[in-house]
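Look at the two complexes coming up: subunit A is in both, with subunit B in one and subunit C in the other.
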Partner chain A sequence: MFLSSAIDSYLRLDTFEKVLRAIAIVFIVVAIVCICVVGVIWLVNIIKAALKRRRENPKEKSTKTPLFRIVKNNELKFWQKLLIRIGIFLLGFVLYMIIISLITGASGGQILSTLFKGNFGSSISIWSLLRNTFLLFGVAVALVPVFKMRFWNIGAEGQILVGGLATFAIMKYLTPALHNMQFLLFIVMFLGGILAGMLWGVFPALFKAKFGTNETLFTLMMNYIAIQLVRYFCIKWEKIPGSGEVGIINNVFGSEYPRVGWISNNFLSGIFGNGNYVVLLLLVSVVALAMYVYMKYTKQGYEIKVVGGSVNTANYAAIDVQKVTIRTVLISSAICGFIGMLIVAGVDHSLSPNLAAGRGFTAITVTWLGNFNMVLMLIISAILTFFSAGAKRLASDISLNASMSDVLIGIIIFFILISEFFIRYRVKINLKKKEKEELVNASN
Partner chain B sequence: MFELKNLSKYFGSVIANEDISLKINEGEILALLGENGSGKTTLMNMLAGLYFPDSGQIFHKGEEIVIKSPKDASDHGIGMIHQHFKLVDLLTAAENVILGLNKGFLLDREKIEQEIKEVADMYGFNIDPKKKVYNMTVSEKQTLEIVKVLYRGANLLILDEPTAVLTPQEAKQLFKALQRLKERGKAIVLITHKMNEVLEVSDNIAVLRKGRLVARIDTKDATELKLAELMVGEKVSLNIKRSKVKDPVLRLEIRNLSVKNLYGRTVLDDVSFDAYGGEILGIAGISGSGQKELLEAIAGLEHAQKGSEITYYHPKHNEVKLIGKSPLQIKRLGISLSFVPEDRLGMGLVGSMGMVDNVLLRTYDETPNFYKNRKRAKKIAKEIKDELAVSTPSEDTAVQTLSGGNVQKVLVGREIANNPIVFMTAYAVRGLDINTSYVIYDILNKQKEAGVAVIYVGEDLDVLLALSDKILVLSNGSISKPLDPKKVTKEEIGLLMTNQMVKES
Partner chain C sequence: MLAIEIFSVSFFAAMILNGITLLFGCIGETITEKAGHLNLGIPGIMYMGGIGAILGAFIYEANATNFNGFLAILSAVFFCVLLSALGGGIYAVLTVSLRANQNVTGLALTTFGMGLANFLGGSLGRLAQGGSGVFVSVKRTSDAFTFFIPWLSERTGLFGELFFNSRYGFLTYVALILAVLVHFFFKKTRVGLNLKAVGENPQASDAAGINVTRYKYIAIMVGSIIAGLGGCYFVMNYLKGVWQHGALGDAGWLAVALVIFSLWRPLRSIWGALLFGALTVAYNYLHASTSQQEILKMLPYLVTIVVLIVTSLNKKREDQPPGSLGLHYFREER
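Let's look at the complex of A and B:
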């Protein structure tokens, strides 16, 4: 796919550029072929030598020590870890740019500027970067307690969806009654969102606690129910028959109740002004802070860690594991439902099966890569959001296939993972004494 | 036959082995003696190809060899019998023996079974090649492991703590077999920390301490005390004191306790006994005879069958029936039951947490507050650290990074800080060094003198006999009458331990 788009973009260039690019491509291909040929010759030689040794000396056992060995490394200072993280991230970023430039022919500067334009080009794009970062971060925060408890909730996506669905339904049916008491409407929306999320979490939790069912499959399946449910309501409430789209609720134009129930514009608008997402960012920050305190300073947070550490120990210490499991999943799914409410009431003002936009899954990556550290999780949310927004811009400006850019985000995540490996381990290269001496001699 | 020269192995900054040079001769039983964590197993794992040395050389008949994998080790005639058997339960003895040997595409079972039988007969082992491993007893499995390495042509057999899972009688059988192997020119390395075994079977003794070889002596010149001092590096006294029992009070009355496991098999069968405050009640038995279930049933962690009764006599209030109550209910009733379980990190402690958070496990729920209060736990953790000399970088270092002895000190310390009325311990000194073991015996004695009812489940019969005021023997879920440790002998207990099995077969 990306090949065709690359060819497309190539054909659109003028003649001079075409020639230059062609030379560059030929050069790269020749270089790759050379490297391959050298590599193959080298391998063949090694195998030949080994076979020869075998023939001459059939009884000889292998006497070479392993070349690479992985050694544990736990004496790194904070700044060393930071340096490794940043360095390897930059490496991944460079690879990311090289691949894009190979595919599209754009220069590094062009890619960089497009990425930045996509994220910081206008106040709208800056706000959307912040908003998406915090929404993703909020879901990651919701996953912290369940993952600490080793309850693999991969149903955040569904919990967000039903939270959004409940919010939308409340906005749709209660706006006429409550449009004069918006504060009450917000409370009902808030409760509706988190209760719906909890409803989606409580079943897997109950079954896990009572019957020991596998929560991974259960929560995953709940996602599909949620998606189909939202689809159903999208068609039921569709604006134009057959479109399957519900449109913007309480629209600014042509609606009886403009912007009623919209978080960003009406709720606390006197303080923060219209058109930005300060309220949303604040709400997510409050949730994150509360979660930090909950996990670190409360007895319940402590119980979660004990259950996650070892269920046997928890039983032994007279902790009611069933109760803790259900309670924790309820908290987690409530936050997911709350995020769903924020998306519908604060961002989309609409309903679609796509409203969670994969955040429920991406957040799993964020929580693990951030190692349950709120600051790290926020940074990783920002990086992922940055690249996915940048990818959209890359797609429109330098015609990089949108799916390809998703693949390339994988490179970034992969390199973040690699940095964790190098923080925990060191790779030692073994050279036998003789070889070492040879090396010394050779250098002399 | 084999020679190690200046072998070193490090795990991060931890020295596992440093600069060890050792000769292993044919026709010799070499005992590798050392406390837990002294590097015995690491050293032998380098011979067996599981670890690769950081530096140093290995010679076989004068030629340098490199062992990168268990296969290399096997090619050089080295076979290791691990403490935890490496057998596939669902396969037969013969299938386990040839596993991984790559002898062509087709299997000639008849021929292989015949060959295995021949090997076994040659060294006087009794083995049925067609028997499935899951049908074997522990000692049969061990025999199979030995035959396996012999079939693969091993000239050096390394046995890692082979008697840990055997009864005294089975251990005797094993030692006889080792003598036969020795007479046929095999070299044998016996990894162990039990000194009486070493003195009984070995020809030479190599003592390791903190990763270094401190001595290689002839068994004829060795005494138990001398070996202990070499292992510990300082003078030790090997006497366990037993103070006189003063006015025992009934604390725990167990009647007709029966427990079935998950698969419906009876693991405790109609067990009845009493535990008195001011006494140490020793419980002997082959591991897996129901010890775990017994203690867990008392702690409320195991579901007991109908008709079982456990009565706890509270010093101030009335008696309480414990059957059917959850640990939480037992705790809420104000019952001071301390329990040092067998699985220290899997049940007694949370490995990823530090000392303070682990102490908190017992105290965090004392107040009705929403927030936890670490102050008291911090104080207790500090006291445990100072009094029991726990060596840890800080009270917040994850306990799973500590050595086994320190982990046990944390656990025992916490349970004692709980001011128990009944104090149960399962294999309290398993894997601990001599000094720590004596610290634990000392603690148990102090608890006993303070009027606590101590239940000590143990495996070392010498210790059980020296420490307990009464001994019960569990065998296959049934319990014996209380025995007087001053009158009963080790052999008699050994017989009681296997009693049930004899009856069954």
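Let's look at the complex of A and C:
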């Protein structure tokens, strides 16, 4: 009865909706299956272990040992890890949908179709998904070497901002001189961006290397100095007095040098159409590839890993820890500055304190959760970008408050963090206390 | 150019109101860090506490027939504590039990908390003023929060205006007392010393029979609730019960900075908080153009960096952060 009416109403939908609903159903089924499989495997293991212990020591009495015991888990196979990741992520996703539908009253299918429309609805939204994914991924790549070295650079936000600021300043003041030699202008912008980023990274690095100053908090503070600096210049260079906005630089209309210093978004427009971000995607990919090679196949990449593993080992191996620290942070902050340059020259063509849009902070999560694996990092960037763009669409379509997207991103990250736990550790249930007795017996 | 106008009662009041907000956050974060957890979610938790207070007050004002100031405060504080404990609970479960990375968890919690606060604020605004409401106001509860000692506030002239200004509210004095209490808690009580031991070296504390997990959980929860009260204080006393999108600004990050400035010492954080409060509002009281004001807003961050560098230079052992700060503790490791 219920099923037939459900099928009936499904058949009356148009094709696009049909496909989306079908995807939704598959998604949920896969989620449930994954969760069940993981749960069953887990439970079976626990019961097996408990039974085995009981068989070995039939006459134990229960004593006051904690019920749960957590042990390291290094035995998981690749597919098990993948299953756990997918399962818990989907659990988070189901919670995400439940929360939205509780708030707005929208059905699951409606939420899903809005999510997909927000990201794949038009070529503009597809390109913006790709662009934002790669920008976030780029910042995450920048953080790989420093995190590998156990240097907590949470100042990526500020490094992006000053990179953007320098780029904008160069576009503003050098366009008249260099508008005939755009290539040179681009080189100057590139150098300006990365040098500004490095300037923001070098102080924390220097003080960390020389005096052991806490870099987490140092870089965090540098963010806010960068934000204030950008605010200052936004007011200094404002178009309309009192607005605090600098407007679009080298605008198509009403400026002397239209589109000078803009990264082309009509590259290969025959294939990708107008308004694409192919250049941007390529540039970030090159950086990511270079970083992969650098970390995996160069001596410097190896040194970074040694320093991250143990500073003492590095000292014994005659690695100059100070030099490695400073060099690595400079590389990282230079890439952040480069991303800032890409955002200003390729996307915004403007300056605002929000140009980094929290990417510097989100990227920390991406790098850490991606476990320095480039592919995983790209996937996580895509997931986070997908959900934040989707939540923005939800905000406009089914009147959900726009701030909800932050809440939902937070929930997704929490769930990914939980999945990391189940990959790294295993929970054992203690039915009996025995190991201690065994030890005593053995020593006797 | 920078003519000074800071010797005014209104500057002093603004300094206190901002400073005490930071003091709450700082005490909360200090307790958390003493347990070895660098909680970068404090900004988010302060937002959650702030909106919790607004929510509690809003619910009470909407339902109460006879407005009773005491009950309004109770309702506001209850929801504030509830929401900030939720934030602290998420952080504690993820970092203590599940051993997630503290920085990542904290930053995610900040995103989450700010989003939740702005979401609830926006929804309440819409509830209060129909479709396009952008802010929510709980003026009556905010008035209840202000504290007025009849003789001290009125008759003592400048002294009363400076130190017993009715805008401060009772929470100001609660924060000051709390700072002193926490100081003695860390110096004189067994539990406080145990907590410090947990933060310095969880392995040794565990071996000495201290329940590390329990200490960490309680410290994080208590710290979060105190920080959440800072959010409540800010919206009720400084913003006079009006919530707008992003109401708390960067107060949470300044609170984290203040912990370093105060070198993890609650007593030192009192005058640190006042200094930071002064630096935060100074731009309003100096004759500076709007662009120069933005530069002046850098001051608290610059001061924090200078303090960071100075403390790492002098290498005094008692000035260093807790030994296991930022590291998770797993008994079976090594």
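Throughout what follows, the second predicted complex is superposed on the first by the 343 of 444 C-alpha atoms of A that agree within 3 Å, B and C clash if a C-alpha of one lies under 4 Å from a C-alpha of the other, contacts with A are read in each partner's own complex, and residues count from 1 in each chain.
In this text, a residue touches a chain if its C-beta (ideal position, glycine included) is under 8 Å from a C-beta of that chain, and two chains touch if they have at least 3 such contacts.
Just so you know, these numbers come straight off a predicted model, no measurement behind them.
Novice: Applying the touch criterion given at the start, work out whether A:G410 contacts subunit B, subunit C, both or neither, answering first, second, both or neither.
Specialist: A:G410: touches subunit C, not subunit B.
Novice: In the superposed arrangement, does A:I154 touch subunit B (first), subunit C (second), both or neither?
Specialist: The answer is second: A:I154 touches subunit C but not subunit B.
Novice: Looking at subunit A, does subunit C or subunit B touch more of its residues?
Specialist: Of the two chains, more subunit A residues are contacted by C.
Novice: Once chain A of both complexes is superposed, is A:T313 in touch with subunit B (first), subunit C (second), both, or neither?
Specialist: Touch status of A:T313: first partner only.
Novice: Answer with first, second, both or neither: which of subunit B and subunit C does A:L217 touch in the superposed model?
Specialist: A:L217 contacts subunit C only, not subunit B.
Novice: By the touch definition at the top of the document, which applies to A:F183: first (subunit B), second (subunit C), both, or neither?
Specialist: Once the two structures are laid over each other on A, A:F183 reaches no partner at all.
Novice: Touching A:F253, do we find subunit B (first), subunit C (second), both, or neither?
Specialist: A:F253: touches no partner chain.
Novice: Of the two partner chains, subunit B (first) and subunit C (second), which one does A:V71 touch, if any: first, second, both, or neither?
Specialist: Touch partners of A:V71: subunit B and subunit C.
Novice: Is A:K299 touching anything from subunit B or subunit C once the two structures are fitted on A? First, second, both or neither.
Specialist: Only subunit B; A:K299 stays clear of subunit C.
Novice: Across the two complexes, what residues of subunit A are contacted by subunit B and by subunit C?
Specialist: 71-72
Novice: Can you name the residues of subunit A that touch subunit B in the complex?
Specialist: 61-66, 69, 71-75, 297-302, 305-306, 309-310, 312-313, 315-320
Novice: Okay, in this complex, where on subunit A does subunit C touch?
Specialist: Touch list, subunit A to subunit C: 70-72, 152, 154, 207, 211-214, 216-218, 220-222, 224-225, 228-229, 231-232, 235-236, 244, 358, 361-362, 364-365, 368-369, 401-411, 413-414, 417-418, 420-421, 424-425.
Novice: Which positions of subunit B touch subunit A when the two form their complex?
Specialist: These residues of subunit B touch subunit A: 11-13, 52, 64-66, 68, 72, 75-76, 299, 301, 326-328, 330-331, 339, 341, 343, 345-353, 357, 360-362, 364-365, 369-372.
Novice: Mind listing the subunit C positions that touch subunit A in their complex?
Specialist: 38, 40, 90, 94, 98-101, 103-105, 107-119, 121-123, 245, 250, 253, 256-257, 260, 290-292, 294-295, 297-298, 301-302, 304-305, 308-309, 312-313, 321, 326, 330, 332-333
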